[in-house]
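Each in structure tokens, the structures are laid out below.
What follows is a pair of complexes built around subunit A, which joins subunit B in one and subunit C in the other.
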Partner chain A sequence: MIDPEELRTRARDLLEGGQVRAVIGYRRGSRGWAAEPVVITRPEEAQDLVWDPSCVHNLALYLVQDRRRRGALRESTDRPIGILAKGCDARAIVVLMQENYVQRDEVYIIGLSCESSGMLDERKLAGAAEGIDPQALEAVDFEGDAFVLSSQHQQWRLPAAGVMAERCLECRNPCPKVHDTLLGKEPREQERRGTASAPTMSDPFAELQRFEQTADSAAARWDFWSRQFDRCIRCFACRSVCPMCYCEECMVDSISFTVTPDTTAQEKANRLRWIERSASRSDNIGYHLTRALHLAGRCIDCGECERVCPVRIPLRLLNTKMERESRERFGYEPGASVEVAALLASFRDDDPNDFIR
Partner chain B sequence: MSGKRIGVFVCHCGNNIAGTVDVAQVASVMAAEDGVVCTSDHAYMCSDPGQNAVIAAIKENALDGVVVSCCSPNLHERTFRENAKAAGLNAFDCEIANIREQCAWVHRDPGEATEKAIRISRVAVRRLGRSRPLEPIDTGVTRRVLVVGAGIAGIQASLDLAAAGLDVLLVERQATIGGRMMGLSETFPTLDCSQCVLSPRMVEVARHPRITLMVSSEVEKVSGYVGNFQVKIRRQAAFVDPDLCKLCDDCAQVCPVVVPNEYELGLSARRAIFMPYPQAIPATYTLDESSCLGLNPVVCGKCRDVCEAGAITYDRKPETVVEQVGAVVVATGFDLYGQEQLGEYGLGAIEDVLDGLQYERLCSASGPTKGKILRPSDHRAPKDVVFIQCVGSRDPARHCAWCSKICCMYTAKHAKLFKHQVPDGRAYVFYIDIRSGGKGYEEFVQGVMEEDEVMYLRGRVSRVYQDGDKVRVFGTDTLSGQNVEIEADLVVLALAMQPSAGTAAIAKTLKISRDKDGFLAEAHPKLRPVESVTAGVFLAGTAQGPKDIPETVAQASAAAAKAIGLLSQPRLSHAPTVAQVRSRLCTGCRMCVDTCPYDAIRLVQGKAVVTDVLCEGCGSCVASCLRAAIQVKNSSPLQMKEMIEAVLRV
Partner chain C sequence: MAEDPKTPYEPRIVAFLCKWCSSAGSDLAGVSRIQYPANATPITVPCSGSVSPQYILTAFRKGADGVLVSGCHLGDCHYLEGNYLARRKLFLVKELLEFIGLEPERFRMSWVSAAEGAKFAQVITDFVADLRPLGPQDKLQGQRP
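Up next is the complex of A and B:
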């Protein structure tokens, strides 16, 4: 497991040496044990950095915000920004690079390997063990294939597989492939999978497979998703947390069309309303399916959308479905390489087209 | 709403539309649409009175736009846009609602068809409501034509183009021009010598001041647009200088390499340095890099040493040139259907089973046998020859569905040539039926049957195998109902014609489409038979479909005429419905750049920029842009949304 002290030293060195202008990382949040994202710019702030199973957030989001901010301030820089990246975060950064949103030399990636562990799922924790009050917890830590949870007076040791986030169980790549420096090791397959009696990992797309076995007809799936989308309150938390949702104007925003000095009167008059403001089933479906399609070949399964959903819509099912299609049909692995053309921008003569009817 | 005053004109198209769609009802329903101020229907909107009615209505009602509900915009969009212009509107103030191909012709139920016609018309009205007036984009013209392939089609097209005063760049993959026709002996139905009629044309091409000839060259990349294409051509290294070469044959005499001669279809051998035909143009020897011992004086160097003229140099490299042309004629010809698929006829396995083109070489005075028909295995004159027609053709289940068109005629000719040489020989022709449409063709076949006494057996051959020094042929004569077994000395297969091997690649390079059989597709099967779907690219010869020499020549001249017509315009105009970037929304992801099939988009300071004249308005970029930052003019997202609403009646 990575020693957080090592991480702090690395970050401090980078800031002191002026190699990076800031480091995006995690620090202890205001809510007890849970980490929160932070951007540090001074070397002494490096001591605040933490690395534990509560570092769930996909920090690639803050790269997007950094570019936005610099764009708005017309700020140019010659130094990259440092960023801590788990396997999934690094895949997201790769997609951003593929899409030219950030350039390779604008980012200094401090890769963090989750090794054979993963991130804690707070919702799983709530029902995991008798007597644990998540509110009272003060820290969580990695310990081999377990998480150690501590409150002021007590400590619990829970098998990680039981309370780990589903996407971590299905993780395709716990160790970042693209990085400038790497902390932790690439786990061997054996280490990750655990033993047959106590598996630490599921197959990729395991949850999707379970879903497809229960909802095994189009009618059943429609029924399922209708119920799910009926509950959506359109808070757009899923969009806000997604590092891939960086469009300047979203189709759902057309109802509150942004007006800039460049906006012409005609543009104002012609503004499009693809969906209405109030949450209704058909417009909710319009929103979620458009988002899923826009993420096809781009979503790297960080699972953040599902984590932040206040009404617990299983959004990973939609996105992993698209990911599986892109892998199976086009042999395309989202976030695997900066060099390959994005899935939706590449065409090969032998692309399967049997789905066109 | 847009506030435009729109008129809707519904065409009966005789019974074509009115037979299924209640045209009067469409007109009356459309009259109630928002923004529609007048409607009418007419038996033939495209007729002169129909067109005049449109022009008059625009003026009388002070219309801002017209929707014509009629046939496909492919047919009459231009007609009615001209009308709109004549009445003082912009061409894009006219919109076509296709209620014929997309409605009347594909539906039976009048009630439902009428409802659909109303919706299609309503969609057009809504789209027009948001259309903006656009003016065509004006471009210059390069008065130069690229002709790809120098067979008879390419040669004819080049000569016609040059005669009209255009510069021609004629590109040929092989070392000599002449193509397939150069390999033929006599041609049906007049039996004039193929090389004798072709070689004067070849010489003319070589001498014509306006024709630049590039042999051993291939088109690698084509960019640009009609009137202004940039073509990248790769020319293989020419180790023999044609200007110095005196055609003395000394080099070939000393060359130690012997390989099958591809120009004789493997029936004879050649050296690594050789001349494809005595009449080859350019008249020079060719050094074949793939069979040469290595272009290295240390290894061999005999030809260079013996050449008195000093015409041979080994240190040549392939070169790539970029040329500007205004139009392209594609004449890449045919290949015979692959022999590997035809095991039951023994082609390739039995020495005395030949394909039609090999037999032509046997008959040809310049061929490997100096025109004597001798079978390859023992060089004896055959007595019993079996000709099998439709080998691979007209066999949709296993081979090619199409009729190769020329086989009936050339098989008759083959049999005739054989009987002329071996009067006491027996010729058998297995056929399905005889297709001899053409001037003098039927008379020719009848002559072969009656005067030359060739046995025509209506039926197919089931098996061909080697039996001693004979080739045994099993077949059926379906007219007598009997099985036939022939001990043949020679079997000649009339193999199906298929597009030449490079057709798929050149089609991709030129962005032209191919039909289901792989031949180059014409823009319209009847009215635009020599044009491809890409403006400025024309088709000639067998690359477009099986045809004989006169047809090929006629099509080549037609393609040349089309190119001449195009390039004689002082300026060309480009459709203004091109993509447009909403720069504020563009994040510079490059997806549109990668997607654009016309290389029309590039990034400038992190934002996409469209080169208007390159853009064909296909919309691929619109589909690929996740941020809706690019749209095609007059196909805006707002128009799309309103059209969807109109069709769904939201």
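Up next is the complex of A and C:
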């Protein structure tokens, strides 16, 4: 288990020694036990850093923001930015490097292994156990494969698997593969998954499999998805939170199209709008299928899009579907390596061909 | 929609045809006077690899009953790799469309060379036959104002 104090010392040393210009991490938020992302630049701020099961956010998003900000200010730098990275955050950073969005020497990755645990799913917690009022909690902590929840007067110890985020239950790489320094250990398979007779975690793609088993016809799937798509209000929270959605101009969102003082009214009117911003069923389908395809081979299943959706659209299903097909048919694993060619920029002679006439 | 045996539904197909092969193949079918249904609207593209998934989604969203993408045989692509890249990309499009519940028959790919007029006619004939019983595609289509 990672001692948060060790993490603070590591971050403080890096800032003090001038090896990094800032550290992206988590601190205690304004809402009780929940952590929030933070960027610290002074060594004394390192004492605010936390590491616990509420560190759900994918911090790679703030790496994207950092690059954007530096780009806008034309700010050059000779020092990397430090970033805490769980397994999933590190996979996201790998994709960003693979796509040349950030360079390896621009980041200093402080890897954090989730070991035999993962992150807390707040929605699961709400109904998890008698007598726990999530509002009254003051802290959540790791303890092996359990979470310890504390309020002012009481403590509960819950098996983590019962209240863990679904993506963490299915996670294959809780320990970052690419890092500059690592806290915590690579869990052994058995620590992570238990035994066949007493499994603690789910199989990868377990939720997708459950869905496919219940909705096993085109009609049943359409029945399910048309309801999901109808509910989407196109708030774009799923896109905003996704570290892989870094395009300056997003084809599903006409207000992101670049407008300069020189853009004429005619040019604006003539911009091709494949998908309107309106939350109609057809435009929503256009949005979600486009997004799923743009994330194929890039989504590293941090589950953030699904977590932030205000109307609970099961976005992970779309993304893990693409991920499973890519893995099974093309042998491609997103976020595994900086060197390998991107999924859709490469091919193999034995890619599936039997669907073609 | 139920099929009326007397006036079968005439599906509308959007066919993205590579100009180096399938488009020429469709011309050959024409000049050879091979009879095949006139349900397909051909759109000539530079290469099957240039077909963005967006073209396919948009065709469906504008009311196409079926979408065909047809390119050169593997190894014959004018740009060497275009059809290999298309195959991988459009496989995912196909999987995704099926995943959300579109009938699998509605999206199709074929390799048709400039010399294969008869094959082109067959592809379209089969496609129309498979689409007819499904009736109009109204899942992805937007409401017309």
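Assume the second predicted complex is superposed on the first by the 338 of 357 C-alpha atoms of A that agree within 3 Å, B and C clash if a C-alpha of one lies under 4 Å from a C-alpha of the other, contacts with A are read in each partner's own complex, and residues count from 1 in each chain.
Quick note on the criterion: a residue touches a chain if its C-beta (ideal position, glycine included) is under 8 Å from a C-beta of that chain, and two chains touch if they have at least 3 such contacts.
If you're wondering where the values come from, they're calculated on a predicted model, not measured in any experiment.
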Exercise for the section: Using the touch definition from the top, say if A:72 reaches subunit B (first), subunit C (second), both or neither. Expected result: neither
Exercise for the section: Answer with first, second, both or neither: which of subunit B and subunit C does A:330 touch in the superposed model? Expected result: second
Fill in the blank from the handout: Between subunit B and subunit C, more residues of subunit A are touched by C
Exercise for the section: In the overlay, answer first, second, both or neither for which of subunit B and subunit C A:265 touches. Expected result: neither
Exercise for the section: Go through the superposed model and pick first if A:274 touches only subunit B, second if only subunit C, both, or neither. Expected result: both
Exercise for the section: Check whether A:248 is in contact with subunit B, with subunit C, with both or with neither, and answer first, second, both or neither. Expected result: first
Completion exercise
The intersection of the subunit A residues contacting subunit B with those contacting subunit C is 251, 274, 344-347
Completion exercise
Listed in rising order, subunit C residues that touch subunit A in their complex are 53-54, 57-58, 61, 74, 81, 84-85, 87-89, 91-104, 108-111, 123, 126, 139-143
Exercise for the section: Using the touch rule from the top, collect the residues of subunit A that touch subunit B in their complex. Expected result: 99-101, 246-249, 251, 260, 262, 270-274, 294, 341-342, 344-347
Exercise for the section: Within their complex, state which residues of subunit A touch subunit C. Expected result: 215, 218-226, 229, 251, 274, 280-283, 285-286, 289-290, 292-293, 296, 318, 321-322, 325-326, 329-330, 343-347, 349, 351-353, 355-357
Handout entry: subunit A-touching residues of subunit B, taken from the complex the two chains share
Key = 130, 584-585, 587-592, 594-595, 603, 606, 624, 626-629, 636-638, 641
